[in-house]
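Two complexes, one shared chain (chain A), two partners (chain B, chain C).
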Partner chain A sequence: MISRNLRPLLLLLAAPIAFFATFFVAPIAVVALASFATDAGQFTWSHYLRILADQYHWEVILATFRIGIVTTLACIVIGYPLAWYMVRIIRLKTWRRICVILLIVPLFTSNIVRSFGWMVLLGRNGLVNDMLVSTGIVERPMRFLGTETGIIIGLTYILLPFIVLAVGNVLAQLDTSLEHASCDLGASAPSTFWHITLPLSLPGLIAGAIMVFALAVSAYVTPALLSGGKVTVLSILIFQQYSSVFDFHYGGALSMVLLILTLILVAMAGRIRGKHLDGVA
Partner chain B sequence: MPSSLLSIEAVSKKFGAFQALHQIDLEVQQGEFIALLGPSGCGKTTLLRTLAGFLHPDAGRILIEGRDIGKLPPHQRPLNTVFQNYALFPHMTVMENVCYGPRRQGMSKSEALKQAQAALAMMGLEGFADRLPRQLSGGQQQRVALARAVVNRPKLLLLDEPLSALDLKLRKRMQLELKQLQNQLGIAFVFVTHDQEEALTMADRIVVMNAGRIEQVGPGDHIYDRPATHFVADFIGEANLLGCHVDESGQLHFAIGGRHPLKDQATVQGDYTAIIRPEHLRLEPASTGRDAPGLRLDVTILDVVNMGSHQMLYVKAGGQALAIRRMGPQQDWLSPGLPAVATLATDDLHLVRGLP
Partner chain C sequence: MARLIIRLIAWAGLLYMVLPLVVIVGTSLTAGSVLTFPPEGLSWRWYGIMLDDRSYLSAYATSTVLALAATVVAVILAVPATLAIARYDFPGKATITATLMSPLVLPNIVIGAALLQYGSAFGLTRNFAALLVGHTIIIMPFILRSVLAMMTPGQRALEEASMDLGANAFTTFRLVILPLIRPGLVTGAIFAFISSWINVELSIFHTTAQLDTIPVKLFNYIQYTIDPTIAAVAALTIIVAAVAIVLLDLTIGLDVLSSPEDSQ
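Moving on to the complex of A and B:
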C-alpha cells in the first residue's frame, strides 16, 4: 500500500523516472536483446562467441582500453598539477577566472573541429613536428596521425578539463589547516602531500578519472579522425556494424562488451576509493 | 640565571601596509603557561603563527634555548600547535592521528603505537582509538588534538584559541584540565585567547596585546590591579576611568571635582587617569561622617541592578557615571535618585599617565 503522503511525491518523480526509462534503460535493453538474437529472432550466443574467438577483436578491445588507460593517466599527470596551480598558486582572482574560462571554452566547440585542429597540428609538416625538428629533439618528423599516440594526444586535450575541474573542486574545499597541522607535526612538504593532500583529494581525482576513462573508451570522433583508418577502436568497429554492415545484432554484442568491460574497470576504481577513503566527503 | 626557553626579540611583521606585529619582545621560561590576550586583530594569532613557522617575521629573531629557529620550516621546529578547529585528519582514525607526528619523525610503528596509547590514556580516550574524528564530540576532538600534539614531547606547545568552539560548561572544565595537564607535563604553553577570564584562570603570565604591540606582561592579578595603560585597564575586567591632574604639591585633583593628597611622592606633576575597579568603591548613605580616610565622592544613585550574588550600582558624580559592585543585602537608601557617598581606600587608587 502506498501511503497518502507518498502519492504526490511519486507523481513528482514520475516524469524523471519515465524520461530515465525511455532514454536510458530502454535503449540499453533494446541493444542487449538484439545482441542475443538471430535475424530470425531466435536466442543465440553466437555474436559473443564470434567476438571471443576472433583475435582481431581482442586486439581492438586491447587497443581501446590501452588508449583509455593511457589517456586517463596522462590527464591525471597533467591535470592534477594544473588544478593545483589554479587553486593554490594563483593569488589574483581575475587571473584564476580567466584560467577557468580558458579551460571551459573549448568544451563549447565541437569535438570534430578540435580533432581536425589536432590533425593539422600533428601532421608531417604540422606545428608539433616543426617544433620537434627545429629544436633538435627528433631528426625527422614523427608520425602521429594514424598512431595510438596521436589519438591519445587528441583525447587527452579534449578530456583534460574534466579532471582539472573535479580535482580543482576538492582542492579548493580542502582545509589548509590540515596541511599546516601535518607540517607542524614534523612532516615535510612532500610527505604532507602524500599523507594528507593526495588522500583527501582522491575522491575528486577518481571521479574525474572515471569520467575521462568512460569518455575515452567510448569516444568515436577523435579516434576516427586522428587514426586515419590505421588504428581501430571498439567505437569505430561498432559504428561500422551499425552504419555500413547493418548487423545490429553483432554491433549490439560489441556495444555490450564495451559497456561491461568499462563498468568492470570503473567498479575497480570505485573500490580503491572506498578502501582508502571510507566516508570522507 | 637559567636561559629562557623561548626568546622573541624585536619581531615585526607587516601585511601590506598593515603592521600586524610591532617590535615584539617576549621571554618564556621552561614550563610556563603564557596567555596571549587581546581583541581580534591585535596580532596575537599572527605572533603564534610566526612562532609555529607558518609566517616569517620581517625583522627580529625567535630563539628556542638560544637557537635561532626563525628560518626553520614548521616541520623542523621543536614545538607543536593545537589548532583552533583542531585540524584532525578526517581520513585517519584517532590512533592514526596521534601516531602521525612520531611516525613522520622516524619512530618505528610499534614504538609510535605505544607512545600514542600513553598519550590517549592520559587524555582519557582509551576507548576511542579506532574511531574517526567525525564520530567524536567537540570535547573529545579537542582532547585528540591535544594528544596528537603532546605525544611529540615538544618543548613548547602553541594553542590557538582551542576552547572557543566548546560550550561554556565544557570550556570551564577544559580550562582546569588544560592547566592540570600543563603542570603534569611541564611543557611551556603559549595560549592565544580573546577571553580574559580564560587567561586569568589558566595563565602564569598574561601578555596583553593591542594593535600589534605588547601593552603589558605580568601575572593575572598584577595586570588586574596595576594595569599599565588605559587599554589594559579597560580590556581586563571593568574599570572606572577618571581624568585627574597632579599639581606641584602632590595633590590629586579630579576632573569631576574633589581632591586627594597622594601617598606616593614619586608621582610627578601632570595629567593622569585614575583607574578604579567597581568592587573597590564603597557606597554609603549620604549621612555618613567624613572620618574615614581615603577618597570620598558625593554621588547620585542612577540605577541599581541585582545580579544575584551581588548588586551593580550605577551612580553619577560630577557629570560622570561610575559603576560600583556591592555585596550584601538590598537596603532602603539604595534607590535611584537618592544622594550617597562613594569611598575608596587610597591603596586601591591606581594612576596611569595621560587623560582617559
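Moving on to the complex of A and C:
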C-alpha cells in the first residue's frame, strides 16, 4: 500500500521540497548559524548579548514596538467601523464592490508608491499641512516626515486593508439569527452589539490585529522613506548590517530576533483563527 | 447616531485609502516642474520625459520579465505540491505545508538578506537568477493557498473514474484536475505576479545599476530627489494594479464581503 502510494508522492513533492530546502531553509539556517559564530567560526552568544547590552538597540526595539502597537490600534479604530459599514450598512451592491476595489488597489501597489504619496501629502507644504493651517487647527505647519507619527500614518494606510478584510469576512459569515434573537428579547442595538456581535467577531479582529502588528514591526520600506533617516526601526538596522556595515554575524542575530518574533505572532494568530473555525464548524 | 459615527469613520477611512493614489496620479499630470498637489495645469510632459529615459523602460521590462518568470516557476513547483498535500497523507505533511506557506508571513527583508549571505558562496547574488529564486520563494504561497482552496476530497472520485477509464496520470491532470482548479490557479497567479512586481524588500539586496526593478529604482531615486517624473513612473504602476484588479474581478468577482443572505 505504502509503496504504491510513495512513488507518485515523491514525483509530486521532490521538486518543490528540493527548491525550498536549497533556496529558503538553507539560507535561513546559514543566517542562524552565522548569528552564533565568531569570525573564526567559534560558537558565541556575543552577538545576542550585544543586542541586549546596548541601550541604543533597546531604543530601536522600543520604537519598533511603539510604532507597531499604535499602528495596530489605529487600524482597529478605523478598520472595524469601515468593515461594519461595508458589510452591514451598504445596501447597494455596486457601491460595496467599489469599496472593495478601493481597498484592494492600494494592496496591489508597491509600498514605495504608497509611501511616496504620503511623502507628498505630509510635507511642509503638503495638502495635510495646508488643510491644518487653513482651518486654524495649527498655526504653523507640523513636521510629519522624519517623525514616528509620519511612519504610523504611512503604515496604518498600508495595513488597514488587512484588518478590514479580516473583520469584514467574519461579519459577512456571521449568523445573524443570534442578533435577531437578542433584539427580539428586548436588548437594545448597542447592547446586542457589545454582548453578541463584538464577541463573535473578536477572533477575526484579533487575528487580523496580530497580522497587522507582525507586518508593522517587520516593515522596511515605509519607515525607511518616511523616517528621512531620523527614526530607526529594527528592519532598518538589519538592512544597514547587510548593505553598509557588512557584519553578517550581528545582522544575523538581529534577523533571528525579528524572525522569531514574527513566528510567535503568526502562530498566535493562527491558533486564534483555528479555534474560531472549530467553533463555527 | 451610532450609525452616523460609523458612516463618518468609514467615509474618512475610504478617503484615506484613495488620497495618496489620487495625489500621485494628480501630481504626475502637472505642467509645472515641482511636485505639487493640486497640480499646476495639466500635461503629459512628465510621461514623455519618463518614456525618453531608457533606464525606466528597462526597469519596467526587468520587473515584468522577472514577475512572469517567477510566476511560471512558482506555478510549476506549487501545483504538484498542492496535489500531494490535498490527495495524500504522509509523515511531516503539516511541517512541509507550513514551511511552503511561511514566506507569506516572514519578513522579506530577512529572506533577502539570508539569500544574499548564502548565495555569495557560489555567485547567486546580484543577478537575475538570484532575483528569480527569491521571488519564486516569496510568491509560491499565493498559488499554493488559492489552488488548495479549490481542491476538495470529492474530486478524488472523478480522478479515479478517469484512471479507471484508461486515462494516464497526465491526461487525468489535464482533462479532470486542471479545469477544476483553474479559477484558483488564475487568482493565485495574479496575486503572485503582483507580489513580485511590487517587491522591494527582497529585490533590494540583488539589484544592480544595470539590473534594476521598477520599485527598487523608485526607492533609490526617491531617497535623493523627488520630481514629477517619479510621480509619472509611480502613477503607471498604479494603472498596472488597477488592470490586474479588473482581471481579478472578471475571473472571480470581487464581491468578497457580501453576507450569504444578501446574495439571494
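In this text, the second predicted complex is superposed on the first by the 231 of 281 C-alpha atoms of A that agree within 3 Å, B and C clash if a C-alpha of one lies under 4 Å from a C-alpha of the other, contacts with A are read in each partner's own complex, and residues count from 1 in each chain.
Operating definition for what follows: contacts are C-beta pairs under 8 Å (C-beta built on N, C-alpha and C of every residue); 3 or more make two chains touch, one makes a residue touch a chain.
Computed from a predicted model, the values in this text were never measured in an experiment.
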item	value
Superposition-derived comparison: chain B or chain C, residues of chain A touched	C
Touched partner set for A:23, first chain B, second chain C, both or neither	second
First (chain B), second (chain C), both or neither touched by A:68	neither
Partner chain in contact with A:114 - chain B first, chain C second, else both or neither	second
Partner chain in contact with A:150 - chain B first, chain C second, else both or neither	neither
Contacts of A:204 with chain B and chain C, given as first, second, both or neither	neither
First (chain B), second (chain C), both or neither touched by A:223	neither
Chain B/chain C common contact set on chain A	189
Chain C to chain A touching residues, read off their complex	2-3, 5-7, 9-10, 12-14, 16-21, 23-24, 27, 35-37, 76-78, 80-81, 83-84, 88, 90, 96, 99-100, 103, 105-111, 113-119, 133-134, 136-137, 140, 169, 194, 197-201, 204-205, 214-215, 218-219, 222-223, 226, 230-231, 234, 237-238, 241-242, 244-245, 248-249, 254-262
Residues on chain A engaged by chain C in the complex (per definition of touch)	5, 8-9, 11-13, 15-17, 19-20, 23-28, 30-31, 34, 77-79, 81-87, 89, 93, 96-97, 99-106, 108-114, 116-121, 125-127, 157, 160-161, 164-165, 168-169, 171-174, 176, 189-190, 211, 214, 218, 220-221, 224-225, 235, 238-239, 242-243, 248, 251-252, 255, 258-259, 262-263, 266
Touching residues (chain side chain A, partner chain B) in the complex	175, 177-178, 180-189, 191, 195-196, 199-200, 276-277, 279-280
List of chain B residues in touch with chain A within their complex	52-54, 73-76, 80-81, 83-85, 87-91, 100-101, 104-105, 132, 134, 148-149, 152
